[in-house]
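You will see subunit A twice below: alongside subunit B first, and alongside subunit C after that.
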Partner chain A sequence: MITVSNLSYAYQKGNPVLIDIHLNIDQRSTAIIGQNGAGKTTFVKLLKGLLKPFEGEVFIQNQQVKNRTAAELAKIIGLVFQNPNDQIFKNKVLDEVMFGPLNMGIDKQQATENAMEALEMVGLHDKLDMNPHDLSLSEKKLLCIASVVAMDTNIIILDEPTIAQDYQGKETIKKVIKTLKEKNKLVMTIIHDMDFVAENFERTIVFNEGKVILDGDTRFVFAQKDILKSAHVEAPEITKLGEKLGYRKTFLTIEEFIDYKNQERNL
Partner chain B sequence: MRSISLYTERNTVIHAMDPISKLFYILFALLIPIILPSIKVSIVCVVLGLIFLLVARVFKKTIPVFSFVFLILLTVIIIQGLFRPGNQTTLFHFGPFTLYKEGLMFAFGVAFRVINIVSAFMILILTTKPSDLVESLVRKGLSSKIGYVIISVFQIIPEMMSSMETITDAQRSRGMETEGNLQTRMKAFLPLLGPVILGSLANTKERAMALEVRGFNSKGPKTYLLEEKKYRYSKVVQWGILLGIACALAWRILV
Partner chain C sequence: MKKIIVENLKYKYPLSEKLALNNVSFEIEQGEFIGVIGRNLSGKSTLCQAMVGLVPHFYKGAYGGKVIIDGLEVRNYSIADISLKVGIVFQNPFTQITGSKMTVYEEIAFGLENLGISRAEMINRIDFALNLLKIAPFKERSPFDLSGGQMQRMAIASIIAMKPEIIVLDEPTSQLDPEGSEEVFRAIQDLSKQGITVILAEHKMEKMAEFCNRILLLDDGKVVDFDVPEKVFSRDDLGEHGVNAPVYTRVCKALNKKKAGTNDYPVTLEEAVRVLGGMGL
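For the complex of A and B:
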């Protein structure tokens, strides 16, 4: 769905933020992990056409990003910003969510329907008339997610969706991701919560100092202890537990671990 | 962060000089041609100013400003040379026009004074950080509140520009066309004004609170975060300039 070749980027000359990235992103839900400052946000802004590559090419569904405006690309790729305050600019929750669909040329009634559905999904349907700036940080983040979900794009990227979320908020986001996957959308996320990655994403890409140093099925990636260490990333808790206990299998979720133990006992 | 100040970082004698001495120099450049109206004095002052700009290695930065100033001065020279009342001595004709000596000399006098003052201000602006200037004024007794207002002006414009960019990104990432011809850009620009202005007002409120919790209004004597930028010869320079002005006055009165 997305092909990235030879991609480099720098905000200031002589200070590269991304160096020679090659990636082929397919239908699998994908997590991008790595230390702060590794270049993850910059990378997704390049996919979205908000930044123009220094060098290299990005193709999204066979369209060359370079030749499209960000507004045109918005019809196929949605991005939830890392900082909700950078994304929100309307005075009413409902207007904020309807902004995208209306811009895409969807008629008003359909746009309202999309918006309501998205707001219901994140549990903000009873705050339609509130000023977004009066919401809490976690609600703002959910509002931003709804604004992008309502646009019904084929590709959705979430930049650190779980920041400021409590258990309930994380469950809501999980549900959203699951629904999107069921609708056959490509969901990508930048995230620091490894347990969340292990539970929800099939593929994981590790960024470190502007380079991709690891890429593959999530289970494979979390088994590469040494490379993860060099990127200052830790595997999920349950993965580490399994490994400390000396199991050869790489566990990704608690359920998996329990099932495995039960089977072991029954043998 | 971006900045609207014209300051350029260099390592020269002029940069090392304290802002107050540079203010003294502006005073000097303003007063001397008034006290001694001879055009020769003005020329000396202009040459002095240009030398300082060259020493500070910021001459290139002055070119856009000087080009603008020259454009204006050229019209002054033409108009005065042709039409100044009291024009008598013909210099030369071209077509139906006659250029006169009196008008021309007067216009040159004006031109040199303007260039002189502009270069004195450029020396200050191009070689001094706005915050350094304000800080030294506050040390000299300017109210720190006024000082803060001055510095804010230098900060708020770049801040508004960057929040404009942020909102534009938010808009185009959700399908609003912001690139392209003038009409599309205007259509995208107008709805920006509300959020940008409201946003910076909201920031003001937050900043006021942040300042208050850090004792901005406290009555006690304030200390400074940065050490005072001391220039060894500032007293010499300042007294020298005052002495120069006094000499000029004496010359004017006595001779």
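For the complex of A and C:
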């Protein structure tokens, strides 16, 4: 769905932030991980056409991003910003979520329907008239997710959605991702919560100092202990436990581990 | 020595109908590292702000009961008086920035300017804090040009440089990568080992279990439990309070593996490894 070739970027000359990125992004749900400052946010802004490549190309559905207008891209790719205050600008929750669909030319009735469905998904459907700025940080993040979901794009990118979320908030985001996957949408997420990555994403891409240093099936990626270490990234807690106990298998979820233990006991 | 005493604290924000804190009581010894957990809106931030007097002096509202910080009853002292003893790192590092300083270095110096310490001591403390939080490379940058994670590090450094006897941190690692969170927890643990009393609110349960001496579990403004991590995280009703135990605890619970000679489940990786033992290699 997205092809990135030879992509480089710098905010200031001589200070490259992304260096020679080559990626083929397909339908698999994909996590992007890596240290603060590794270039993750910059990368997704380039995909969305918010920044122009210094060098190299980004193709989305076989069309070059740089030849497309922001309005055209908005119909294909949605991005939930890392900081909700960079995204929110209306003074009512419902208006905020309806803005995207209306702006894309969707009629009012359909826009309302999309907005309500998205707000229900994130559990904000009872706060339609509230001012977004009176919401807590975790609610603002959910609101921003709803705003992008309501636009019904084929590609949805979330930049650190689980910041400030409690257990319930993370469960809600899990459900949103699952629903989007079921609708055959490509979901990409920048995230530091490795347990969340292991549970929810088929593919994981590791950024380090502007380069992709590891990419593949999530289970494969979390088994590459040394490369992860060099990217200053840790495996999920359950993966670490299995490894410390000396198992060869790479565990991604608690359920997997427990099933394995129970089978072992029955042997 | 009791460093913090909270007695039947009740608090309601102005214009709000319900109590944000409802009959909260606990005592904290000097040098303890206390973790505050609970679902969102359970009262963690309000409690943090009650430790420094922002509740009630800044927010106003209805206040009952007592908070005594190192002998000072918060209700009777100004925020300025209390701030000499307690430093707070806010949930949103943006609120922490003065907005008047051109560089990270000056930003950290700001809090020290009114403490009446020598210039040499100031420089020492700033360098210590910059290095501890690993932000020395950014010291000449504008505070507003920092990423969220870097801003969080700066906010923590600003407070640490002031060397308060008590440090309150409200979700201080929410924007940090895993390595950064680990570093911050370690740095704060070092301070607590040197006798500084720490109160830290967070959702990262594995970290809380590993680093905190005791855990205060809040729900709906009330204290549900205040005990060592293995007791709090072994509770059967955590889900009802909107909290998930650390991964290690959940695994051991499902496999019914308790810590030897106790009724508690492991809460850290090391404990879990000990209990689950090696596989039959």
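The working rule: the second predicted complex is superposed on the first by the 267 of 267 C-alpha atoms of A that agree within 3 Å, B and C clash if a C-alpha of one lies under 4 Å from a C-alpha of the other, contacts with A are read in each partner's own complex, and residues count from 1 in each chain.
Everything that follows uses one rule, which is that a contact is a pair of C-beta atoms (placed from the backbone, for glycine too) under 8 Å apart; a residue touches a chain by one contact, two chains touch by 3 or more.
Everything quoted here is computed from the prediction, not taken from an experiment.
Asks: Could you classify subunit B and subunit C on subunit A, in the superposed arrangement, as clash or fit?
Replies: Once both complexes are aligned on subunit A, subunit B and subunit C fit side by side.
Asks: Once the structures are superposed on A, label A:S8 by its partner contacts, choosing first (subunit B), second (subunit C), both or neither.
Replies: After superposing on A, A:S8 lies clear of both subunit B and subunit C.
Asks: What angle, in steps of 10 degrees, lies at subunit A between subunit B and subunit C when each chain is taken as its C-alpha centre?
Replies: Placing subunit A at the corner, the angle measures out to 70 degrees.
Asks: Contacts for A:Q63 in the overlay, against subunit B (first) and subunit C (second): which applies, first, second, both or neither?
Replies: neither
Asks: Contacts for A:F89 in the overlay, against subunit B (first) and subunit C (second): which applies, first, second, both or neither?
Replies: first
Asks: Is A:Q165 touching anything from subunit B or subunit C once the two structures are fitted on A? First, second, both or neither.
Replies: After superposing on A, A:Q165 lies in contact with subunit C but is clear of subunit B.
Asks: Have a look at where A:K75 lands relative to subunit B and subunit C in the superposition and call it first, second, both or neither.
Replies: first
Asks: Check whether A:S147 is in contact with subunit B, with subunit C, with both or with neither, and answer first, second, both or neither.
Replies: First partner only.
Asks: May I ask you to name which of subunit B and subunit C touches more residues of subunit A?
Replies: Touching more residues of subunit A than the other partner does is C.
Asks: So, does A:I254 touch the first partner subunit B, the second partner subunit C, both, or neither?
Replies: In the superposition, A:I254 touches subunit C alone.
Asks: Could you tell me how near the closest CA atoms of subunit B and subunit C get once both structures are overlaid on the shared chain, in Å?
Replies: Result, nearest C-alpha distance in the overlay: 5 Å.
Asks: Can you check the complex and tell me which residues of subunit A touch subunit B?
Replies: 48, 50, 69-71, 74-75, 78-79, 81, 86-89, 99-100, 103-104, 133, 147-148, 151
Asks: For the complex, which residues does subunit C have touching subunit A?
Replies: Touching subunit A: residues 38-41, 91-92, 147-150, 171, 174-180, 203, 206, 242-244, 246-248, 250-251, 254-255, 269, 272-273, 276-281 of subunit C.
Asks: Show which residues of subunit B lie in contact with subunit A when the two form their complex.
Replies: Listed in rising order, the residues of subunit B that touch subunit A are 166-167, 169-180, 195, 202.
Asks: Can you tell me which positions in subunit A touch subunit C when the two form their complex?
Replies: Going through subunit A, the ones touching subunit C are 34-37, 82-83, 136-138, 160, 163-169, 192, 194-195, 232-234, 236-238, 240-241, 244-247, 254, 257-258, 261-262, 264.
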